[in-house]
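Below is a structure I'd like to ask you about.
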Amino acid sequence: MIKVGVVGYGVIGQRLADGVILQEDMELVGVAGNSKPTLAIRALKEKGMPYNLYMASFENKELFDELDIPLSGTLEDLVQKCDVILDATRAGVGAKNKELYKKYNKKAIFQGGEKNEVADVFFHGYANYDKGVGKDFLKLTSCNTTGLIRTVDCLDKAFGVEKIAITIIRRVADPGDYHRGLTNALKVDPAPSHQAVDLMTIMPHVQATGILVHTPVTHGHIITVVASLKEDINKEQLLEVFKAHPRIRVVKIADGFQGNAALFRYARDLGNPRGDMYETAVFDETIVKSGTDIMFAINIPQEAVVIPESIDAIRAALKMQVDGNEAVSLTNKYLGMGKWM
Amino acid sequence: MIKVGVVGYGVIGQRLADGVILQEDMELVGVAGNSKPTLAIRALKEKGMPYNLYMASFENKELFDELDIPLSGTLEDLVQKCDVILDATRAGVGAKNKELYKKYNKKAIFQGGEKNEVADVFFHGYANYDKGVGKDFLKLTSCNTTGLIRTVDCLDKAFGVEKIAITIIRRVADPGDYHRGLTNALKVDPAPSHQAVDLMTIMPHVQATGILVHTPVTHGHIITVVASLKEDINKEQLLEVFKAHPRIRVVKIADGFQGNAALFRYARDLGNPRGDMYETAVFDETIVKSGTDIMFAINIPQEAVVIPESIDAIRAALKMQVDGNEAVSLTNKYLGMGKWM
Amino acid sequence: MIKVGVVGYGVIGQRLADGVILQEDMELVGVAGNSKPTLAIRALKEKGMPYNLYMASFENKELFDELDIPLSGTLEDLVQKCDVILDATRAGVGAKNKELYKKYNKKAIFQGGEKNEVADVFFHGYANYDKGVGKDFLKLTSCNTTGLIRTVDCLDKAFGVEKIAITIIRRVADPGDYHRGLTNALKVDPAPSHQAVDLMTIMPHVQATGILVHTPVTHGHIITVVASLKEDINKEQLLEVFKAHPRIRVVKIADGFQGNAALFRYARDLGNPRGDMYETAVFDETIVKSGTDIMFAINIPQEAVVIPESIDAIRAALKMQVDGNEAVSLTNKYLGMGKWM
Amino acid sequence: MIKVGVVGYGVIGQRLADGVILQEDMELVGVAGNSKPTLAIRALKEKGMPYNLYMASFENKELFDELDIPLSGTLEDLVQKCDVILDATRAGVGAKNKELYKKYNKKAIFQGGEKNEVADVFFHGYANYDKGVGKDFLKLTSCNTTGLIRTVDCLDKAFGVEKIAITIIRRVADPGDYHRGLTNALKVDPAPSHQAVDLMTIMPHVQATGILVHTPVTHGHIITVVASLKEDINKEQLLEVFKAHPRIRVVKIADGFQGNAALFRYARDLGNPRGDMYETAVFDETIVKSGTDIMFAINIPQEAVVIPESIDAIRAALKMQVDGNEAVSLTNKYLGMGKWM
């Protein structure tokens, strides 16, 4: 059993813990918060502390005592007990934590917000598993890039992808965020979007560019992709490839999947923990040809989409599996992905 | 074991089924949809059909066959197998269904959208349980009124309430609704709001009025209440009463409960089914005196707030308990309410 | 002086009237509402009736009398006094009104909401002015298509356009709309979007497709365009063409033009009537190359963007100018377009 | 002619300049920006510089030169040329600027964002004009408080007000704001709201409290007021008083004034500069009795509502009129208020 610690207990950290617990070949040693009894930690307490809580610092320990929330130790304690750390702290903190991980000779997986320099490799479970095998420090791509690469990588393996031009219609905040927001405005970012640039780091043979527009919604990014493939494929060929992918869910607008909010509702109705969805969705009726290019729209459930690839990264870093296919299959199996297929 | 059927499988119907399953003295016979494989039904199928599905009509049976979704019979079949029906169909349909319930001599509980005439009594588990005991047709109050009455009723029992003036800051759609919405606008309704009027039906000794303003959000109504009590109480007295109520959750803005979206996130993080919350929340820091009146703000999680009172209604209609306190305590126990207390 | 009537006095109709008044070679005979004293008509009254008001029917005349709003006659009266009608009624009404226009042998210009069959030609002032010359019934493209064609047409004239793939990030309602809306959701439409299809009607030599996503905002559509040109041009060449176009405004994100809401604010601050903007904006920093293709994002101020091309259509239909360049120059001059150049 | 300078050229500053220009007994010497060519300044340039522009500092003068925007001097130059300054800089800057105003012995009017200490008196044109007469430094109340006081003050003068309990449904950003926002969330503030507290500073004989809830919209705050008067008045008496007030506009939901966005649209359709509205609106159909109390909802157009009272403040500070009624009548006349009456 590989011993895993989750550092950072926000939107992503909570879900990483949810995902690790489901892996039968991994053990969640605990999670580390920064120093305050956040809503996430209060919820953990109200649920009866299903796993152990550590703290980056004990400076506010009396706040936890008041609430009768048991602390199992410091971040440094947690690190020593683990084989690998999933670091989901906010941007910049991971780079500092890395010193601690190195001190105890532990491997770590960072999230997309950290700078690339923090890691030995920029990692995606499907697109470059080999690159991560045995590495000490891996960095995931951001939620948009992770979900996007799933589709581009499987098209690439099937038909060869030459270039893509993407439009990211970005949700601007997560449900419950009060520290950021946008009201009745679309906000345009300078191009190319970092997601296109990041994709090229993982898939250097693909030419990618794109424009990102922020929108005042919370339930999932939508990306349109114009892809130039090496073959002139039709919609059915595209669907065949997407439908065979356990991390891609092909949905129909006509069935009620009208957009990001419908997918959010569906995941809640599935009874998924926190109402989360791990899959990238492809909207069937958006697939159209543009000359020999093909165009389609996908949905990225930003809160949970990176969990599977983060689990894959543990498998790669610790050489739990050296073969990528074997690794992602195990991750998928334990996360219950592809059940609908 | 009381046999319960849920008719209407939308936002409320799904949650009624969730709630009935948790009652150890009730059995969920099944749920009835109208005639199409909605997203809710597709999710039921993907979850492995944890309970039986009936259909108002079989006109689209081939659509269900295609999706390999088993149907256990018609609405009429379901009604015959049940002791009581929770009718959560859309406004107007319940009145029609009532004929069927009468035909088979079954009791039924209607939701707030139906006209008052459909029922023998307008019901609230805490405020008028006695009125519902043994009745054939009960009607719940709407989500806002149900959650509001919890607070007004417990103030009334403790101190006596003379009048209230409320401002309802209404969420305009549920997460995932595409058939209604409001964009960058506040919409004012003619006063008095029906919620104030409805409250007086349940609590005729209280004088109530109010103004309702629709807002473009999805995660919970917020109501401010200006209450004139028979006693001149202070904030601590108010809090004491609210904190003792298993269906009221007192929260602090300072702890991170900044509004409806924070409560929605918290419920998801609790791991509640569908990320739901049953409790009315009171924001501690909003409690202020206005002369001898007292003012405060509450949060109404519109998707699930009526579930406990709907379960109470079954208990009353079927005389499972003739004592209201006993009844609501059982409902609360099985729903896991008040665990945080 | 050409005598113009505006039929339909909603968002578009009001602005058509504003635009006609500015044309020194046109006279606004009056505007026709349907039958009720809408907010637009109440505003006209409060401004002191700067132009005459007609009514489709007099069935509610007493409502106007009560408000002391003078009516100059019926729709039929208005039609007889005009040389040409700008019909901005809601979809479907224009087709009925056409019988009246034919009865009195009057030309008419319909808006994009009407079916194509209503008109002899689908018209755009820059892209196919010739096709409209002397025709009796012209139909404008919708706001998105009109603004988009400006950019595609000028690229086509300069470099030749082979195909485009667009992503329309659509504002879902106008400021002040209460009859439609979307709340915290992105809504995806089946592809190809009608805008791409419509563009091909006007520019049949261009291959166009696209995906449309509705967003809960009110201040302008944003479209990303991936264009395949006959030449491999760079950003500077693109900018040169756009900057020379009086109906295209090149703006920089760095200057504060961060999106549709910034442009809306800017138009208000310019003191434009109703805070309107006629120009399609291009966001400078979004222009990127995708291989030999070029990609960029534009903003479409949906309330007013079609006004210039609607005025052009009058010029074409009545042969006021047979040369398109001459016609659009006059429209631009009278509307004050290109002043910033 | 009183010489007025406007310091700070944002949302409020621009509108103060608009308002001063309309006063026939005042002259706008110029406006002062901080140091960058903002969108507001670019719009001023595009309009042809209808008034002179000064700069707090010349550190970025080359940016203005590039854009060919003429600068008439520094803030210090402007101050020397004026009799009075309207300071609409962001919170905290006004307190610094005050040193400059004192250096040149100039009077100044600050906006609601400044701390109370900056001024000799907290001012409202209708409620306490006398207090401002001849004072050197006056501070306006915030937009919500200013608009609210109009209604409470006129009720007070007619019937006597004992206490009010308000619920402020606050728009969270102005149209075009990208630096702040809220997405799909209602945010509750600790009570009492500062608006209630501030009102008591101006009207110390009234007891006021309230709760403020932020909503993700941009077009106007809505406030519900529960007022305890010295007389038990009915709706008609209330309406009579409100309808006689040139800064209060009574509107009907039934006529189409469904909320803040409808009022915003109406102001645009009136052709008001920037689509602004100066009046507080009262929604007729929201007026209800709560026992002997009376309840109603009002709309506050946050961008422009403080302009009239700011102009009043000039009149008071400079003793242009010693009688408040005379002063506000002049302001109203020049601003064109009450035309609809």
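Note that the chains take the letters A, B, C and D in the order they are written out, and that residue 1 is the start of every chain.
We take it that a contact is a pair of C-beta atoms (placed from the backbone, for glycine too) under 8 Å apart; a residue touches a chain by one contact, two chains touch by 3 or more.
The chain list, named the UniProt way, goes like this: A, B, C, D = Type II glyceraldehyde-3-phosphate dehydrogenase.
Since this is a predicted model, take the numbers as computed values, not measurements.
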Most distant chain from chain A by Cα centroid: D
Pair exhibiting more inter-chain C-beta contacts, B-C or B-D: B-D
Distance between the centres, which are taken as Cα means, of chain B and chain A, whole angstrom: 35
Separation of mean Cα positions, chain C and chain B [Å, integer]: 47
Chain B and chain D, separation of their C-alpha mean positions in angstrom: 42
Per-residue multi-chain contacts in chain A, two or more chains: 175-178, 183-185, 187, 216-219, 258-259, 261-262
Chain A to chain C touching residues, read off their complex: 162-163, 165, 167, 169, 171, 184-192, 207, 209-211, 213-220, 222, 224, 226, 228, 253-254, 258-262, 283, 285-291, 293, 295-297
Chain D-facing residues of chain C, complex: 14, 37-40, 42-44, 46-47, 174-178, 183-184, 219, 255-259, 261-262, 264-266, 268-271, 273-275, 339-340
Chain B contact footprint on chain C (complex, rising order): 172-173, 175-178, 180-185, 187, 216-218
